Amino acid sequence: MLEAASPLLEVQDLHAFYGESHVLHGVGFSVFAGEVVTLLGRNGAGKTTTLRSIMGIVGKRRGLIRYRGRDLIGLASNRIARLGMGYVPEERGIFAALSVEENLLLPPRVAPGGLSIDAIHILFPNLKERRHSPGTRLSGGEQQMLAIARILRTGAGFILLDEPTEGLAPVIIQQIGRAVRELKRTGLTLLLVEQNFHWAASIADRHYVMEDGRVVDCFSNDDLDANREKLHRYLGV
Amino acid sequence: MMSLLGISSQALFGQLLLGLINGSFYALLSLGLAVIFGMLNVINFAHGAQYMMGAFVAYLLLQFAGIGYWPALVLVPVIIGGFGIVLERTMLCRLYRLDPLYGLLLTFGIAMIIEGLFRYGYGVSGRPYPIPAALQGGYNLGFMFLPVYRAWVVVASLLLCLSTWFAIERTRLGAMLRAATENPVLVQAFGINVPLLVTATYGFGVALAGVAGLLAAPILQVNPLMGSNLIIIVFAVVVIGGMGSILGSILTGFGLGILEGLTKVFYPPASNVVIFVVMVGVLLVKPAGLFGREK
Amino acid sequence: MLRQMLCAIALVGLGSTSAQAQFRSDTLKIGVLNDRSGIYADLSGEGSVVAAQMAVEDAGGKVAGRPIQLLSADHQNKADVGANIARQWIDRDGVSMIIDVPNSGVALAVQEITREKQIIFIASGPGSSRLIGDACSPTGFLWTYNTYAMGVGTGGAMVDRGGSSWFFITADYAFGQSMQQDTSQIVVQKGGKILGSIKHPLNTADFSSFLLQAQSSGAKVIALANAGADTTNAIKQAAEFGITHGDQQLAGLLVFDTDIDALGLATAQGLILTTGFYWDFDDQTRTWSARFEKRHGAEPTMVQAGVYSAIRHYLKAVEATGTDDGPKVAAKMRELPLDDFFARHARIEANGAVSHDMYLAQVKAPGESKGRWDYLKILSTIPGTVAFQKPENSGCKLVAP
């Protein structure tokens, strides 16, 4: 009950910059423990930058990012990761010079309770078969699975997932969706950036809509149907 | 007796072996450069000076503390590596966001300063460093007299090269290094302290140069200029092998040592240019180097 | 037409200046040009500058009523760099004399310029006998040693001691070539045989390959026609490869005290060499060397002692003629008697050779040495008349053969 009262992640008046360009203009939202929350919006709305700001890998940021009561502004990204924040980047970030297995084992464990290798192999059987091939020899879908799997192993309690379904075949998207729901069931909290609104609707609890570097709207998944019209306008579908 | 172009096969074996010995130094030094370049994207021009410092630290340890070759084998890399770490933390780390040229200029300047200081303190004739008692003497191989110390140099260098290769290609730490070479931002976002990794890598690369200096001390005069004479060749080796390629720099180092040895038989005056001729050829045909990945 | 007029004006100008001013500048400027940071910096370098300062001070700091000013520069062992400095010194700074210039390649370039500009050039650092042979100059002097004298000394002595067959490891530049050529000549004259030679690039670190080839030639004497760090590395590695333990002997054709100091006696002991000067030869040399050592922190090499001797003699000639005019001073230098702690029984020849006693020496064993710089046993004195080639045989055009 206490958890519900104070959010696990709270973002207020977040500004972020790439060099001279001001990308986020006061983003604010919050994520509660155990929730799956999506950031929706058109390309360039600032969704990925928001995730990168939370992770501490944009050039410059200011405002408030509070996670488990700690302010993340000013922390180096490795320190943020050690607080239990897992990051699955949009470009997946599979290392070509590392085998699948090395990729999987690369991120250090940051908290107890991460998935074992066996559990991961059950969740994503392809990774077991191909564990000795170079990371980038995998198909796009397998790479996405690997990117998610390696974060699950670390025990991170809060996962930032950037466009997990981008460019993937429907059957793979389904598989990833199953995995995400499975994770949610185990109590993980997810912040998701997604273009595929229908897929997002099938797994998320709440949605924030971003436009021009600001959060402009928010509604729960249950109210989705009622807001469908508005949402289509936001997303330009 | 067999002969090739007027050179007896005996002489040829001898020169091949000598080439291998020189190649050991090229391999060790270019390996250090490759490790540093791969991780930091810095062309470490101070490498020759650090090699020279390795020899001098060994000399000074012996001269003023009575510390001999074997303990120096541990102390020299620690001291020189420590020096590298200070250098990286205080100066080099400020330049990563800039063009790699700045790192090159900085390390070049540092090399000049170090060399100048040692030249001021010790002159240019160099100081003697004896071969350790256990490695004196030699083997008569029939085709040549192989000093024990030279054999040790080859063995030590091979061991160091192979263990470095193993550590980078086959261990978890090595996986972190390789990953950080590709995408340092993401690796850090996984909770790995990349700046620390970078510092340690530089320290390690520099320590390798220090060890090479120590290995060279009993063979060459310990001389403030010994590094600058060698470093240009080593850069050529790195370029031929492919910038940042670990295995490439090892193989190229040994290979070019042998090639140079052969040149010393067939046309000695060309022995200091043959590597550069190969470099030009390789750059024309395969700009990324023999073992380099095209970007 | 115009050109002729200009020439006429220039000639008038020249005539008037030389008539009025006996000196190129208000002060007499001497330029010490040598290697300040490379492989020859220890045997000449700063030590030569210190020797020059001592010479100027001992002369009272003035000559013909003018203060003497010393300039010094690093030629980096590059002929073009050395030539540019020499030109600037002469044309812009009004330097009257250039001294030292180790590295025969650079010295030959400076000789060309000073010959053309009629400026005194006294070479102490380089040894190529070409400087007093085909490249000689009326205003050029080779003060300290030359490759011919070294060849006579070491080459002759080694053949006398049974070194009947020779193999040369030669630095691939002017000095090395002269050294090999002059020594070969002596060796052959004395009935020895030359079995072969190898040219190596200047600044070679690893000599094992060359040594191995020399070893397999079977020659009784392996001669090192190189200098500085090249020589020390070669000697050190020869010991490592056990070459000197067999019946083969090493001959360092140009070995300086600083080289022996760098090698250590354990490695260098027994080496036979020729030198133009040894600090511990007699009271005269010891007195001067003690003064030098106090200021420089090392005993003088023959090159450094030669610089002192040469400047003193040069200043005497300037004083006597009352001008710094190159040809006049050069003539006076040949005329004035020369005999000091450095140059014994000396004679300045028409080809610029300063013939003086040379010494055949052997490097002491560690047990024989009383301390740092106590390195040489003088075996014999080679009179200048023996050590130096007769000017008429030198190939110098200034001397009718």
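As written, the chains take the letters A, B and C, and residue 1 is the first residue of each chain.
Here, a contact is a pair of C-beta atoms (placed from the backbone, for glycine too) under 8 Å apart; a residue touches a chain by one contact, two chains touch by 3 or more.
Source: prediction; values computed, not measured.
If touching chains are joined by edges, the resulting network of the protein chains shown is an open path.
Interface comparison, A-B versus B-C: the higher number of contacting C-beta pairs is recorded for B-C. If each chain is reduced to the centroid of its CA atoms, subunit A and subunit C end up 77 Å from each other. Subunit A and subunit B have centres, each the mean of its CA atoms, that are 44 Å apart.
Centre-to-centre spacing of subunit B and subunit C amounts to 37 Å, using the average Cα coordinate of each chain. Annotation for subunit A: no residues touch two or more other chains. Taken residue by residue, subunit B touches two or more other chains at no position, since every residue touches fewer. By the touch criterion given at the top, residues 55-57, 76-78, 80-82, 87, 89, 93, 95-98, 102-103, 105-108, 110, 154 of subunit A touch subunit B in their complex.
Within the complex formed with subunit C, the subunit B residues making contact are 8, 10-11, 14-15, 18-19, 21-22, 116, 119, 123-128, 130-131, 138, 144-145, 147, 149-150, 218-221, 223, 225-226, 229-230, 261, 264-265, 268-269, 271-272.
Within the complex formed with subunit A, the subunit B residues making contact are 172, 175-176, 178-179, 181-183, 185-194. Those residues of subunit C whose C-beta lies close enough to touch subunit B in the complex are 37-43, 45, 172, 198-201, 203-206, 208-210, 212-213, 215-216, 228-229, 232-233, 236-237, 240-242, 258-259, 261-264, 266-267, 298.
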